Structure formats: structure tokens, C-alpha cells
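Order of writing sets the labels: A, B and C. Residues in every chain begin at 1.
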């Protein structure tokens, strides 16, 4: 099934803003498309996708659009009296409130827990029109102390994760690294050595550069084999 | 004697040889290069991102901000580095030519910055700039209802021509040279920018606009070609 | 949209460097892939584009005739400007910029001037009245670190490929847009190269990527050239707030000499291609 989907990836038509994807009253505009009379027209650059009656555009670029429940990795940009302002690389800032920290903290103590420049793994608790609120209260969330960070465009995240996590699992197993992919495109890699982490990073960049390709899984396997480290 | 022969041998309604390329500046969220013959423009898009200073934010939609400048050595006589009054005016024109097709409703309080540089100039620089900017915005994944395509139409004495060069801009015979720069939505008959300098009868101006509309079709093909080539390249 | 480089990755960069290794597999004194193209902007007297990895800069030379400085009546003049354009990085909009454009321009200018490569006396047309003025303008197109040294190479390539414009002695005017076959009066034996050494932990490296530049505590730029068969240091500038021990300064001087010898041959060949 995964192979099928990958083959289709390679065959997709390019969507150009303003151009007609298909004509017909039976079609409906999905994300990145709009109706113009009888036509469904693209309103974003990307790849055309047909899903039942829906015609949409798969974006290959563009800003991160936060969704509730998303796992994100960000950097503490500032501290206010009741929480931390976190930069997750989105057009808007996100806020981690004091009481979303996993334990009870006094409000004048914030800095000793998370200082400016610290990296954190959080979940989006609530989205607002101009920003989002984060939480750190789930297991596995918290300050990131070790390893390295790499950033990719958030639209490529599904490709890096793969169907049911198959792609990221393939990379994790071959490189023996822990890889946590933030939906905002920030990825945390932690391996037994810098070489292992760079190996994983290389594989991730490989996926991102070839994200339109069909048969990507095979290509990634080859890449991992060719670049294996002792 | 009517103007019939162009110095470079082009037909009256023929644009110069055009090239377009996407993704020329890796750091940018979107970037593109566009050329009309010897006139080359590169554009870089950064955004949407939070707009600073705060008082410039629009709480209802994102804001487009453009800068246009020329490399000091892009022109025959050196242009002092830094923005001039001309480049400031053109920056505004470019903003107005792109805004109508951008949909920034989803991004209130943000700014989308478009920076354009002319690296080599032989007239029609703002047109090349707009064509490059439209491509860069598309590559950046900005929601756009259409692309825009820009072209210069000249009237040399009484003859209308497509895509004016510097030599043609300086034409002095008869009624002299009139330079008309226009931008149209690619798939709709909507004008997003129109500027004129010279001496032209009203009916001829209408004709010039129609000539511009026809000329942008071919230019638009070049823009689309670049976007498609970008995807094809990455498929290899 | 990128999150700025983080402390975590910077730490990793330092650790890796302790083993003499860099993320892209280079050695500490190794340059990225260097591409030099001249003649990239037709209206300029000379121009060049330089790519060092993903970093890209363009330099252009424009000439004009002007009156000489009162204390240098028989010498041509030169002015170098650098613009760190907002196209090349989101940093140059909001700041703080990693580098000051004026600092970069002055460092490159000194390196070119002090090497003696340009024979300013030959740029004199009429002593005390008319001399040639050289304008070297450099623009960053994509900043992935080391715009400084890339700018130096671009300026050199642009100067070497420049042609003199036509000059009407009667009217004293330059005929812009028309060129002679004459080049600038340059000593082709002299190759000025600017090398900026960045210190990360105890190690020096050159040609950093943007991430490496952010990880460095201090940097020192040295412009070197060859003068009558000898390597000469033409200018030095230590930047940033962190201190540099005498021992480390001596180390970097040795590294600069060694690197210059290895690179000047190569850069010369690349420019001449």
C-alpha cells in the first residue's frame, strides 16, 4: 500500500496558483484550492491531489500551521511573569504557562527551570487565532538536554515520518538514534555519538530533498547502506 | 518614417529571450530569478512572520512588504548603494501589483517580506522584478489566487512594441518614447499595476493595454515552466 | 522559517571539532566547494560571483574620473562598499547582524590596498586634476557563513577581470558603456587573500557555515599576499569581545601563512579559468 502511494507521489501534477485543476460541478475544493464557477482552481503551489470528490493541493513549502495535539520543539525566547514564550518557528509565538509545567513552580522561579535559549519538547494544548498555548504535562515532554537539532520545512514532516511512522523508524533503526519529529519541522536527534547523529541527519535531509520521488523508501535504504558508519 | 525595425531584430510584439529559475537563494522561504534579455532580477521571500514594529501590524490579515533595489554596478553609471527615491516608489508599486493575488487572511499580524535586487539592468527592471517576486511567493507556499505577470509596452513614435530596452527608452524621433509598465493577473483580466511616462493618445493606450495582455501570456508560460521544472528537478 | 541555531547544536559542533571534524566532513582548514564566475553583470567594468558552499556573493567594479585627494595628487583612488542584503538572510532585517557591513568593507579594502596589487600611480590621468576612481561594491546573495572571505575573493576576481572604460581626454568625460581592451594596472604576481579564523573552544577553523559562525566565540581576519616571493600579512583585525591569548595568536599566524600558501595557488587558477 505504501509502495502504491509512493508511486502515485511521483505521478502527481504540479499545482500552479490560478490554474484549473479540474472542471466539473461534481468536484469540491479541498485545502489549497477554490471554486471558480465550474472550475476548481489551485490557490497554492504544490502537487495536485484527488481524494474522492475533493481536489486539493499538497503544499511543499510554506509556514507551519499549528494544530491542537501537535508535538512541537521550540526554543525559549522570553520569560514573562506567568510563563515562557516559546519560538516554534511559526509566524506566531507560543506560550507555555506556568501551570502547564509538569510540577508546581513559584512564579519568581521560572528562569531556574527553563532559561532563555533552552530547547523544549511540548504539545499544543490550544490554538488561538494569533498563537498557541503549549503544555509540558505529558510523559516524554520536557527540556531537551542533549543531542542535536535539525530543521526542515513543516510540510515535509509527513514524508519524514512516513506511513504509520515507517520512514522515521527505518532511519532510527539504521542509525541507532532516538529521533523525535516535531510537527513544526524541528527534529531532535540523539545518538550514541555525533557521527551517529550526523548520519541520521543526513538521512533526514535525503528524504526532504527527494520528497516528491516515488520509491523513496528503497532510495533511503540504499542511502543508509552507502553511508553506514562503523 | 514609422518605427518598424527594432535594434535587436525582434518583432514588434516579441519580448526578449526570457529565463526563470526557482530556489536560487537557499536561505529564503521562497526565491526566484527572472530575466528579460539582459535585465535580470532576483527575489527572496521571508515570511509570514510576526510583523515588527507592532504598530504596523494589521489585526485582520498579513501585510506584504516589498523592497526593490539595484546593484550599484547593474547600470551603466554607478548607482550609489542604498535605497533611492526611485527604488522606494518602485517598491510600493511592486507591493500593489502583488497584493491583490495574495490571500493573507489566515495570517493576521504578520508580514511577508519580498526583497528584490536587479543584478543587471537594460530597462523593464520593475517588470522583471515583479515576475521574479510572483514566483518567489509561490515557492514560499504563500496562498495566492493567481500568479501575476508584468511586461513593459513602449510606444516609439507611433508604433507599439513589447518589452522595451534602454536603447528604445531613449528613442527621440517623432513622438519620442512612451514607456508603459503593466502587471496583470495571469488567469484573469485584472490589472494590478499600470504606470506610464510619455505622450500617447487615449485610444492607443487602450490598444497598448490589450497588447500587454497578449504579451503576458507568453511570459506567464515561462513562469509556469520554471515552477514545473523546479519540481521535476527535485524528482531526480 | 527557521529557528535560530541552538545551544545544543553549537555544543555538538564544538565537541566534534575537538576530534578535528566538522559536520560536513571538512577538516578545520578546508574550504567548501569554491566557484568563481566573472563577467556576471554586463554594465560593470568588471564583476564576479563567488560561491563558497551555499554562501554566494557578487562583486562589481565601476570606474569614474575624479579629482585626487589633496595629499595624493598623483594617485587614483579606491572605495569599497559591502551590503549584507536582506535577500541573503532573515538576519539582516531584524538584526542583530552577525557582522557589520562597514567592518567587512574596511577589512576587504585594507587587504586589497596594502597588498600593493593596484598601482595607484598608473591611475593618474592629469596630476592634481584627474585620476581614475575605482568603486568596489560587494553584495551578499545568500549567507551561509563566511561572507567576509567570499567577498574578498569576489573583489579580487572582479578587479582582475575589469576593463577600463573609454575616456575622452578632450571633454574629460568617461564614455560609460564603452570599453577598451585595457585592464586595470594590477600586479598579476600579487594575490591578496583574506582569511578569517574562527575560534570554537580551543580550535580554529576557516570558512565556517552559518551554524559554525554562530558557535564561534571570537574571530580574527588576516589579509595576506605575496610580495617579492615572500608571504606578507597586510592587515589584521580581531573582532568580537572574547580575548585571544598570545599563544593562540601565534598559532593563528602560523595557520594563516600555511593556509595562504595552499590556497593562493588554487584561487589564482580558479580566477584565471
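Note that a contact is a pair of C-beta atoms (placed from the backbone, for glycine too) under 8 Å apart; a residue touches a chain by one contact, two chains touch by 3 or more.
Because the structure is predicted, anything quoted here is derived from the model rather than measured.
> Which chain's centre, taken as the mean of its Cα atoms, is farthest from the centre of chain A?
The most remote chain is C.
> Considering A-B alongside A-C, which chain pair is linked by more C-beta pairs in contact?
Output for the comparison: A-B.
> Measure off the straight-line distance from the CA centroid of chain A to the CA centroid of chain B, and report it in whole Å.
So the centre of chain A lies 34 Å away from the centre of chain B.
> Just give me the whole-number Å value for how far the CA centre of chain A lies from that of chain C.
38
> For chain B, jot down the residues that touch at least 2 other chains.
29, 47, 49 - these are the residues of chain B that touch more than one other chain.
> What positions in chain C touch 2 or more of the other chains?
In chain C, 1 touch at least two other chains.
> Multi-chain contacts in chain A: which residues touch at least two other chains?
In chain A, the residues touching two or more other chains are 63, 91.
> Would you tell me which residues of chain A are touching chain C in their complex?
Residues of chain A touching chain C: 63-64, 74-75, 87-91, 117-119, 144, 146-151, 186, 194, 197-198.
> Going by the contact rule at the top, pick out the chain C residues touching chain A in the complex.
1-4, 6-9, 12, 15-16, 21, 23
> Given the complex with chain A, which residues does chain B contribute to the contact?
Residues 29-30, 47-50, 62, 101, 103, 106-110, 138-147, 185-188, 224, 227-228, 231, 234-235 of chain B touch chain A in their complex.
> Sort out for me which residues of chain B touch chain C in the complex.
Listed in rising order, the residues of chain B that touch chain C are 25-29, 31, 38, 42-44, 46-47, 49, 52, 67, 69, 71-78, 81-82, 113, 115-117, 119-121.
> Please name which positions on chain C make contact with chain B in the complex.
Listed in rising order, the residues are 1, 40-45, 47, 54, 56, 58, 60-62, 64, 81, 83, 85-90, 93-94, 135, 137, 139, 141-144, 176-177.
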